[in-house]
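Heads up, the next two complexes both have chain A, just with different partners, chain B and then chain C.
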Partner chain A sequence: MPFRCSDAGSREWIDRSRRIEFSFEGRRYSAHPGDTITSALLANGVVVLGRSFKYHRPRGAFSLANHDINALFSTAEDTNIRGDVTPVEDGMALEAVNVRGTAARDKDRYLDWFGRFMPVGFYYKAFHRPKALFPWFEKAIRQRAGLGTVDTYWRPRRRPKRYAHCDVLVIGAGPSGMTAALEAAEAGLEVLLVDENPHIGGSLDYQWPLDTAEAACPSLAERVAAHSGITVQTKALAVAYYAGQWVPVATDEGIIKVCARGIVVATGLLEQPPICRNNDRPGVLLASGAQRLLRRFGVAPCQRAVVLTANAEGYQAALDLQYAGVEVAAVAALTEAGADSEAAAALTEAGVPRLAHHALYQVHGDNTVTGARLGPIDGSDADAQDYDCDGVIVSTGWAPAAHLLHEAGGKVRYDTELAMHVPSSWPASVVPAGRVNGAFTLAQQTADAVNAARRLVAALTGATVPAVEDWRDHQPHSAEWPIVRHSRAREFVDLDEDLQLKDLEQAAREGFDNIELMKRFSTVGMGPSQGKHSNINAIRILAASNGQGMDATGSTTARPMYHPVRMEDLAGRRFRPQRYTPIHDRHVALSGCLFEAGPWLRVGHYGDEASADDCVAAEVNTVRNGVGLIDVSTLGKIEVVGPDAARLLEGTYTARMANAKVGATRYALMVDDTGVIIDDGVVGRLAEDHYYLTAGSGHAAATARTLKRHAVEWGLDAHVVDRTGQLGALNLAGPLSRSVLARVSDMPLDEASFPYLNIRETRLCGYPVRLLRAGFVGELAFEIHMPAAGMGAVWDALMRAGADAGIAPFGVDAQRILRLEKGHIIVGQDTDGLTTPFDAGMSWAVHLKKPFFKGRGALAHLKGKSPKRLVAFALPTGYEGPLPRECHLAIRDGDIVGRVTSIARSPTLGRPIGLAMIERGLVEDDALLTLRVDNGQYITAERVRAPFYDPDGERQRVASEEVNS
Partner chain B sequence: MKHIDCPGIGPRPIVEFIYDGEVRPPAPEDASLEVLADRVFNRSGAPGVLREWWYHRPTGSWYVLERDTVTNEIQRAVDPEEVAYAIPML
Partner chain C sequence: MNVSVSSRGGLDLRQLVGAGAAACLQGAGYPIPEVVLSAVPCSGGFVARTGHDEFLVAADEAPQLSAASPPWCFQRSDHLIELTGPDWAQALTAVCPHDLRALGGDAWLMATVAGVDVWLRTGPDSSGGLLIGCDPSYGHYLETTLREVVSETESLKQ
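Coming up: the complex of A and B.
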């Protein structure tokens, strides 16, 4: 049983002076601040921490390095919490995942016995017949397999992404990473050093004797912390590499998007387990995991240990355990490597039995480790001997954590001398350093890191890049075949997915003998740890099965993410800016009902939401019979200036613009290369070389962008300025608008001085304004464009001036009805991505006599061949039936012949009116239109001519002047 | 994230840009329907060095950049005058 050592270590992460309380499966336990969930439970003697994914076998701690997939926990708020790295908190109430009952006595543990009927590929092969039973099987399997249960009522926590820029990003703050960081910082580069642990130090803190570490790297962590050129970010996991040298770094506060000119990959090694029967029993621990447990948390993993090693690190771990008070029953050595190390000698001196050329045959124990069988590598059970123990510590191999290097375009090869993969090539700006690069001793690691950093610094500063120095070790630290077969199987290769040796061999036999195929068929390496403990053994098994080398067998592709990332971190925060018009507060004060129109907040109507229809109708009547005021600041407002301004607009819009007189405006339609309408607006000419134009709400940026590109593409001397945010605009509309405006304006407004479709510059309330005689709503109307700062003053002045004329503000809903009554289209509502001006009945706006304009070629071919047409329809006066909606279909003889694009009850006409896009030919001459509305009901609408209201446009030009100022 | 190095504004993150396709010669006047449709709807997509339109949103300026579509490397910024052509007017 594990226990907390009484002597405090000098590099411990825990605070022994304080205690915190937590519970696991309802039982209360005590821990120290700094403990992880796993270390706290082990210190309390709890060894079975979870159950396996498929067979519900008992599992425990394994790596203590963020890869312990079988020690996952749930709280009320969260699930799949990694116990090996997550700090335990005071009051935490933890449960195991994927168990029925408790982890120690899981009701589904019978599945382990049943498991021999579930070989690899079982799911693909079984349950096909009878088909009707499949849902039952699926439900049963889903209940028993898997990880934690997600709380579907979770509340998202928005975590903004942050950005960081640096010259050099160093990933991993072990001896190599810290050395490289110092080297780069000393060269004057700005360094960001990230490490997933709460403290920097890496293997210095737990894998080397403290005096050795201090002698090789004196005060390394202190020097890093003190250096002004190095920013240290702990609890930060670099999870991927993306093009352009950017690396998302996951932290507790969300993702930091780090953009680095150069990257040092000092990510070290991942320890690889041996494979034998019951190698997954709680109590079997990787040697590096045991050392982390011992040095960081002061917890000894067991009282009596059997150690299996194939390198010097294993002997050191055994010695560490012995110093901590663990009885080491035996040290078995798979290879000669490390047998001559100081640690090995110290063990011999202490009387620890050492078994050369021995392997771990099997682990004993039904629930946790009770013993281990060791025997000669080439022997049999007859030669083997059982050792009583409650812990098996294994150190049989390593794999480089080179995932980010792979993603950056680096390659690895299998080094037979080291019996391990090592990087073979990498980009000049992404360099490996230290153990990930095969440098094992501290001297090798620091020398390799210095060389890597110098090469990177030279590459970044344009200096001559020094040669690659070889600081790799020349003796193996991994066993080439750390695998012992057992007649009764249960030799686990992948602890995430419960895959055994025989599963992979069977996959290879069935033809999945390519590493990528084997992965997909068997799911090896597809669990939450993504093969960090299984890929290398899987490659070894496949290589042996195929009788080929490791390099010929290859490896699966490393893809982002290196480590699971929380969805909420990936999502970041909502980033959708919302724009207010300059007089937003006045709309709010007038109880305007706001809605989102693109980025803008606009007023639909003023007044009660409940009586919306009545409010809108009243607003329409006010504009038709008196005077109304609407905020149209969302219109795009663009200035075009320069000798070639006329040429630019002539080439951009379908209509003639160059011959417009100064002071006149033109309706402007913009189409793309296919002749499809993309924007419309009004172009006013202020001077020979100066135009002012509007664009549809939300289309301002695109229109300005298009105009600017045309100016460049056509080599024109014209400047385009998008003033949409700088200017506001109002539309004063209605038969009384002229008299109301006259009260606040000095300018003559009579028809002769300021005719319809003209533009003038003047001043209102002290602000420079532009007045446009516009016709969108079909009444006498004045659009007033002015600096945003003047909007409030002008709005207030007009509201005061129009008080006795009954002026009222109106919203977008009323404006839409008003324009529909006039038959004016809205681009994007009555048109779509296939609508040409001819389809929209706007051939009058297209001047094909011009030798050039954008889209002219397409329109020249399409003229007279338009396949559809926007038509107007109306329902009878007093119609009470269901109202069609936008996008309801027009049907003829059972076929779809079109769709409704706009629809409204017209307060002015007293009947519903609408526009529909209809196929030409078929229905061109029909007097009636059949529409299919909600619930599949059919209604018949009458085809009418647009405009519905004031077809001759009298009201826009000459207005009644009854009310004089 | 990727950066684009532009004259006058230096290296900027690619999210600040809008891509607007490759630079192409003007359409022949009065092209046949087939020629026009091919021009409007088809692009070769062949790998190689392309001249492309890139718009930098914060400064509101257009750039013509030469990009190798194989290596995704932006090789240089082209003087827009090199690609400009005159349009006919009435």
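Coming up: the complex of A and C.
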């Protein structure tokens, strides 16, 4: 490891006592535990770590701060692994991404020679003609542009998310974050401190001399770790802010959804690069990146460096390098800032050449840095001088990592004094602290963090919130224009997307002169690093192009997630709530074929899936000719009680409910304000102040919510209790149902005692039950509603009692055919989001004489103006051709005039029957209906009158079970 | 992770609604929680105030209420799941978005667990465990999910 410093630093993350082995592009290297992939490769002198997105230019390490998207790696299992932050593991076999061959000798490197033919937005303008060649171009571009290759045989993985709550979430465990955490914890608040690094400390562990850090923040990390009110979560990156103060924190174990009453954003700064020719060469490093490499991993970034600075931090970085044994060839200063710092003086004393008012004109080297050209800021190339070096260290400016603050509603402005953006406003419960707020020295950071924490604590505890104190620095830390144009271009602004200075200028010239438009046209800031090192320079370039200031130019919108998150983490655990009816086990035992009806598992039919049609037909015949039993526990079951219960239902449903006698039921149709059908069911009156009603299986909760809302809005003394899951229900149906039920019930069931459309309360098998005489399937039938606990006993008792009558269970498939034969609609299937009761032929269910009910105004207006109508149709007896499907279209003269809503082969009638919603004008005219079925075939159906079966309803009211005899 | 999941039986659950529900319960000797969405212990179970005039009574036996009482009383068949062991709160963080720090002793919370509406109840000593009640139709799903969560979390720890 030739670039590993011999002396171990006191704040290193690596364990020098142990070694591990790994390979990159087939060559074996050694590293220490704690090394990242990038630090390990740099320690071994491997500088070219990847290839760029578009031109396949050589690239290397840049920030060491989780933004180095040109140093991505793949293994056999994974791709796009960020080398700058991912620990290298023993035995790891790494490859570079987006290369053919090796990173150093990429076969696609020739693309860089043709860069002039690939200007910004070229893919919008090229490849249109000849059209036939487009697929070839597309394939070629996809092969050469991009990041890692996705394994299409990838096995979906999920990492469960979990939730956490705290009083104060502090994001960033640098000096400001740790100080704010201590301040909040000392106030008695429960603090969660998160940091993306494996160790807390932030800039303390790489950017400040040890004695300076210790003097300013004595034992800060130790005090944080020891405080019982602070929970520290390292390797935890807060990636977004959502309403309600929810912050997803990405960790190695998955996402933690943190909900905090207050948030301290101590996320620090993002260092911004200068722009000059070949500023992307491997060996060009941000100064903070070089310091991270040096202090955390003990790796020297180069042997001879040229440093470009515009602040005190750059001088400190140069001094750090010199102390580490790196020869500093020259320090060029873009501005006066930092020139009077202790570090600058120490460099002078050490004899390091310092070049005031100098800029970096160009970086030399084909594959890696071999030299740098420095010249006066206002001079020309002739005034410049070349310096041999293998590293160029740059510190020309900063941008606040204020993305979460933005997402929380905060704003930033450009501060001309600091020459960078700073937060200008923020919510009381989400406060910036430290460097993100423009506080640079450790004393400033500490004071700013204390003030931020005190303001937050006061806001959370209801105390008087102290004033915002100004602890920002008052000297610039950024160069206003760190850009040097070169006649041969290759001045890179966005390393993710391979965008150059000329690209952004051309975008502005082409009219994309708004920062949001420029972003979308040029894709600046849209790569994996999300513009963390390119957005500020892009704004500068656009501002210069437009002749505007930075604030007038604006900035792009920060949106969640502000940092890429693994798909498996976003997926999380899959929650798919399923509801079982109380006798689910019996259905399974009877070979019921289950299907999902919303969250419910229901039985389609009983028996083999292979002979489903025969099974369903047999079940239909059983109900028509004998007796069948179906589990209808999924029905909505709602109690409405109270003195105003009748008024509540009267106002909610279209039919009269208040005049229903105790013991009677009514068909209940619910519409919305526009008169569109939203639910139907049966309302039974159990007492003057007590109703029991059913609702559609998929609409029960919504119906209960609607009733509750109406009760509140209308100020009624009525209570609504949704008992859908608490109760089970069976429907015993068929001409023999009464005799079977009589065997298990003491209650008189004759027509006089218990007539059709009535409800009674009694007991079966010792359980309290409610019996409803309803007729959904068009036969004599008894719905039996009871506590879930009683369902098994009652089901078993009825099956035993009906054994000699040939009782059989039937499923939803048979039930749907039975109701279709009877011409009953299913809301949501035969109706849609525009269907009114008049469209569905249910004007009989609308009582416009009522002074008020929900939707009455709309229905009164629509009466007689219905644009469409539900009609019945049938195909010939014995028809064996293609059966229309639900939603197949009705066609007349080539135009769509309607659609099929229900269709089935009727075992009872021996022919296919169905319902269709068609245009009103055709209702009276046509005796035939033309339907377009699969493959564009047309078939003709006969219009018939509904119900198809028992039009007079005799069988539902039948007085004797002997109807068939 | 020290937590176990088990079904819980032996509690009779009733829901009382309507004006006079509080008086009715008091008349039958039950304690009444003063605050809506809170609970107080009673014979082997608890009385929870789920609304101004709404109560959930969980007890060893069905409450003996006066026939002349005004409120409506409905039997409940909630599926009851018990999480026991000191790490129950940690296990629940995988499936419950609510702030479980509010669950001290004798606490009551109406919440969502694994996408299902539930009520949560701790006894006098919250470290002892948690009782979860949910709609019986979701019982199988919820209990299975909780067992999976506990098992996965344990395997992660290993």
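As a working rule, the second predicted complex is superposed on the first by the 778 of 965 C-alpha atoms of A that agree within 3 Å, B and C clash if a C-alpha of one lies under 4 Å from a C-alpha of the other, contacts with A are read in each partner's own complex, and residues count from 1 in each chain.
Here is the rule we use: a residue touches a chain if its C-beta (ideal position, glycine included) is under 8 Å from a C-beta of that chain, and two chains touch if they have at least 3 such contacts.
These figures come from a predicted structure and were not determined experimentally.
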First, second, both or neither for A:A789, with chain B first and chain C second: second
First, second, both or neither for A:P851, with chain B first and chain C second: first
Touched partner set for A:Y242, first chain B, second chain C, both or neither: first
Touched partner set for A:H364, first chain B, second chain C, both or neither: neither
Which of chain B and chain C A:R911 touches, first, second, both or neither: neither
Chain B versus chain C as contact partner of A:R162, first or second or both or neither: second
Touched partner set for A:R709, first chain B, second chain C, both or neither: first
Partner chain in contact with A:C259 - chain B first, chain C second, else both or neither: both
Doubly contacted residues of chain A, that is, touched by chain B and again by chain C: 257, 259
Residues on chain C engaged by chain A in the complex (per definition of touch): 15, 17-19, 53-54, 72, 74-78, 93-101, 114-116, 135-142, 145, 149, 152, 156
Touching residues on chain A, where the partner in the complex is chain C: 160-165, 190, 253, 257, 259, 573, 575-582, 584, 600, 633, 639, 641-642, 690, 717, 719, 721, 723-727, 768, 787-789
List of chain B residues in touch with chain A within their complex: 1-3, 13-14, 18, 20, 27, 29-31, 33, 36, 39-41, 53, 55, 57, 60-62, 64, 72, 80-81, 83-90
Of chain A, residues touching chain B in the complex: 242-244, 246, 257, 259, 647, 650-651, 656, 658, 673-674, 701, 704-705, 708-709, 712-715, 722, 849-852, 857-858, 860-861
